[in-house]
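Inspection log for the structure reproduced underneath, given as structure tokens.
Think of it as A, B, C and D in the order they're written, each chain with its own count starting at 1.
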């Protein structure tokens, strides 16, 4: 027989890398995996000793916060250029969030029109909304729901009161679908920001203190307990300190379904070291805390982190140029840097970077969102989503990024690897120079049957 | 030498009961303890084989919620008649709570005028109040602070926002003074009550569900985490299910200062069994839950309960006669029944009732509030606060109670013991028929140096 | 390219079965794994929907106890017919055990002459022997050492005194090589057998009691502590009750290297149920205990069992026909039944039999003895040792076994699967009817670098 | 009324010291305890602010190893002079151990004739002895049994084989009576001593290594497991390293009855520091290990030590003057130094010496051996056994000891306290200068009903 495609190189399989090996593709799926002599194929790419890894599943992106549904186009173009073949997009779209089946249908249509990468979707609920829309959204294929305990925008990103959080959990209790939370206590954050403003502390160095760990942890603890009380899966979409992961672990130990996620910027930046240089360019919520990087890596190594994501936000940099840090938009672009940045940070710590990258960026998010075994691993029958990772060093230059934003906190940072090819469903999508697939090549992917807690 | 007083009987000492023994008193303190032949004394009372126990320390009372500071008189009169020689009174006085040194001075004056029993005091803070009053109140002798996450009254019993809870914890972090909480999530409770009303569920059977365990536990989890974040001692003044004690235990295991309290009605009543008979007479907040009694006793036996109190409320029964359970006042009288009810319940379960009663009603609350070793044990040098507990059965009849309220959920319940004498500081205060000491015989007692977490 | 061999079927990969898939072999190694259309090969075998699993690694066999080194021939012939492609043979050869490099050389020569399957080897030490031979034996390739605390034979299977056990552990402390033990306290066993004989209890029902759990556990505890004191890896080659695995687990929790193994007969037979039928045919040491089967499966599922083996013994059945159970030889043939018996027992319990079989009989023993990744998994680059497992039921008939013993406790037992093919290094060795490879086709395999405790 | 005796001072009660207090005695029992003004008594002793503590219960002594039963006289005289009012004597009497009711009767007779202090007794069994004598010995009042896994003397202190250990445990399983063990593996010790001798290492510095921790721990692990297998209470009479206490703790955690004891010399001496000075004068078995003192105190503070004893041995010092350490007798005199040495060591570490001394030397051994509440605490109804401990420093001079041995490893050591009076059953027994009670004043004390594991 003749395969559609064979990619040769050091193939990173679930139980480790295999040198001088190959992946063969038929009909968009991985059809064979072998070592040394490759079989015949209509197309053969020899990556030498570059790493061939599963396409990354970025579990937290905001494609449509700024530009609405068309934002999918530039976001997924950036994803593909960064080796990310699936994004899990948050529901806080502009001008209105994904909280009904109708909006899901619209967003799927936009994916079909715009997406360069596959897209899975979060849903949400709005204040006052009943839980009647939850089941249709699950049947429609959303992979998770998310709410916030802090109001970033009344129409797009509102605070959900605890009775409605509880109602949502109860509607999800008999499913495997997680409810995620943006975890900040609104009363504490507002009081602390007011106090900071009153004392004229307006720079990035005031940001972490203005949304203190106590605000994050109080919201986390309350949310986890509501999840426990209802029996549903409670997920904290970002935790910035080890205490947060300890809380999650206590719920697991007590027999409940609880998880916590990290974003790559918490593993890279420190306001004490980088604040003067980056200013609002490193403003995210909850804030990056001083002195946490080592401790957060320990959390990863201890297995208490569900997975690592980018929390990619599509804000133009103008959004950051404000006199006060409190007026600057929160969030940073991150899709195109996720893979090289995480790999580099792991490598710099002396870890087995290939293994931990595939675990945290591919396998774990795929399993978490019910996309495994289609996504997240190089295994027979999986989608032929592949990234070729060359051990060629680079210095990040966001002016060449594909997200139309062209700014990044990683600008000028050295990465030890470069994404030189990306395949989506066996089709070349990124050739190291340009995104070569068409908008609409990416598809909407539904939650499947894989369950995290089994 | 000649003692002022000798009381003979079965003396319940810290390490167990001593039959045919005696306690000798000089200058209001316990001066000697012996067995068999008693020494000379100006007054000798022979209790036969009745139990002589330390006067009870009721760690949660509301003497002044209804009648204001003069409420101390009837409340402490009822205390003395029930073997309770010290009450720890909550700050939610009518018309204004104890939140400043000035109000503390007023309440101490009222104690000096009215009290039949010793009185220790909780303080509180009001919305918008700074933490400046906390240190003066501690220096003034309060034993603890309390706030609520649910607003029962805007002026007397308000909800405190989480930023202010955090500020209060931070003001207490370097002290041994606990911050207690009335632990119910306001948003959930209000939403659930509205739903119950909307569906015309208005009886006592709707009460537990209208303030569901999730509301109680979410508030508990958030409060414990704020305590942990600040390093202060967080105390939950009532937990109605084992999950609450598990939460507290998780914080202890993580190295934080956390405790949880039980009230005796949670150990006696069950809405499924008693609701039809008692109706609003058993309405307390958080509610008594169905089917929890056995599990809560297990919590006591496992050592996870800080102590047991009455949560005595001074509401006239009229307050309960409302068409809807949601309009009925919450809280029940309980001072005079605390000791016989707890002893009886323990005895009915086959426990060593004398030992567990002295532990939970005397020693533990005394240690918790910094009153030990003056209070809580029959030991040399302690205040000669004693209760004589006869193994004479009785059926409770609140019409003979000394609290001026004359109603009780315990009416008609059989107790296996009767309080036949109470001594306060070596003075006879209750002779089994009447309260014989004068208003003002009781004194204000300050927090001392005993620490719970040492 | 053209492969040497392709085997098609339901391939049981490390992360689960892949239907309609294939394994391709070049130069005796697994060169490719694929699904659906198979590549060209000089030889193709289509197993339909039969399971293709890694060849079994039987971690405990006694090929040479009776017939000396030539016993390798019939033992490995039986192995191959049972889907076992590697045996780990015990050192207690007749007439003298493998305790020097010279004897290792002899045994390797015998393997090269006789073996139908690959063979890894245990070494041992004899009473009075220094530890000087240990390092040469490790360099010679033994995978583990074993001693006994009970003397079965003074020249072949002696008791090793505790000072020598300690010395052996100390010689192994800086290696990954385990020291295994036959764990029975000699004093207790001899006293209990004497007592049983004195009271004329001579049947199989007296066997378990004559070597009571206390004898097994006392020897286990002492051995584990000697391992802990020296820092070496202590391995208990058979534990018959959950308490043994609890002991092992305590050592792991205390930071020491400790493991415990199960044999398949402990998971199949119960003397209370089967004793009357089987008599001495089920005599093994330590004995099979009454009522342990369910509890031992729980140990497997909890992850506390290192792996499952056969403890195959090459005794002729005459050895069992004695008037007293105490004169009967201990041990049973088991190589050819190991795979179908374990699979069937797992299947009967409703477990995922394919997954648990590959884990317990292939992957875990391969990792334990340092044979992974060459052995134990269907993965690129591994030896092409494969067993084809058909879901065709059979009733075991030992008269057709290939071990020249022709008796078995499994006679008449129903198995739900049949081994229909075995490949050793890509060569057909068993075709479902006959062993078709030649003596000497099997090779000696050395301990490699895989480490259990990493 | 008039008491027989009143002793005034700082009375160390179970919950702490009471200054300016007193203990009153009637009929040999503690009849009253008070503070300040003491009652009338036929005899009053005012100890000023000296400590009044319960008489010490020394849980491990060897009164009769050397001089036979008459050794009770000098041993208990020394006890009384050291504030020890009860000794628990080991069974290894000269010429024959206490292993039958007849020998118990003889030893009780010797106590009645010779004892200056109360005496409780261990029993033992001899090799080959059935368990028939165990129940009569328990009925006769022994408080515990002891065996050894190492043979110090074939007739007096033999090794007991593991089958007999198991039989003894089984005979004790339904009782609260512990089986203690001298815990050293004979094979290891003999091999290591032979090796030391062969290499001419003969000094005290070779002693610990010649009986290595592995020997002690292997015997401990085996013994604990035999106890667990039978359900009886297993007690290790001396553990010299934290690992031993960890082992005991593992058994407790697994639900078995297990305990471990410390002797005061393990808390005082270190062969690296004191070996050159003391030589064989510090030889005990198991040996004092280098560098363990701090870790063993941590064990005490963590609650994992059952109690502390002296292991007093009655060897004349000639026994120590041998060319080789291996020929020197093991054991040291220690009764008269136990109390001041332990108190001083605790005080030097900044601990609450009075509290920890009363806990470890009085209360815990009394409870362990079933002597509480008669012994071990100053409480109503207890035997009036009291020691007066003055805070007067002293330098130990064994030439003035009362044990007829007149040597000690403590010679020249500074103690911060001095035993100035001892009362036995309310009778003055030691006045600070001389032992003033008569032989026979001490009585045999039986095991009572107090149970350690309740």
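Operating definition for what follows: a residue touches a chain if its C-beta (ideal position, glycine included) is under 8 Å from a C-beta of that chain, and two chains touch if they have at least 3 such contacts.
Chain by chain, the UniProt names read as follows: A, B, C, D = Amidohydrolase family protein.
All values derive from a computational prediction rather than experimental measurement.
Common partners of subunit C (Amidohydrolase family protein) and subunit D (Amidohydrolase family protein), by the touch rule above, are absent. Taking the CA centroid of subunit A (Amidohydrolase family protein) as reference, the farthest chain centroid is that of D.
The distance from the centre of subunit A (Amidohydrolase family protein) to the centre of subunit C (Amidohydrolase family protein), with each centre set as the mean of the Cα atoms, comes to 46 Å. With centres defined as mean CA coordinates, subunit C (Amidohydrolase family protein) is found 65 Å away from subunit B (Amidohydrolase family protein).
Rounded to a whole number, the gap between the C-alpha centres of subunit A (Amidohydrolase family protein) and subunit B (Amidohydrolase family protein) is 51 angstrom.
Taken in their complex, subunit C (Amidohydrolase family protein) has these residues touching subunit A (Amidohydrolase family protein): 1, 13-16, 18, 21, 24, 26, 29-39, 373, 377, 379-381. Against subunit D (Amidohydrolase family protein), in their complex, subunit C (Amidohydrolase family protein) makes its touches with residues 161-164, 166, 185, 187-188, 190-192, 212-214, 217-222, 224-226, 228-230, 243, 246-247, 250, 254.
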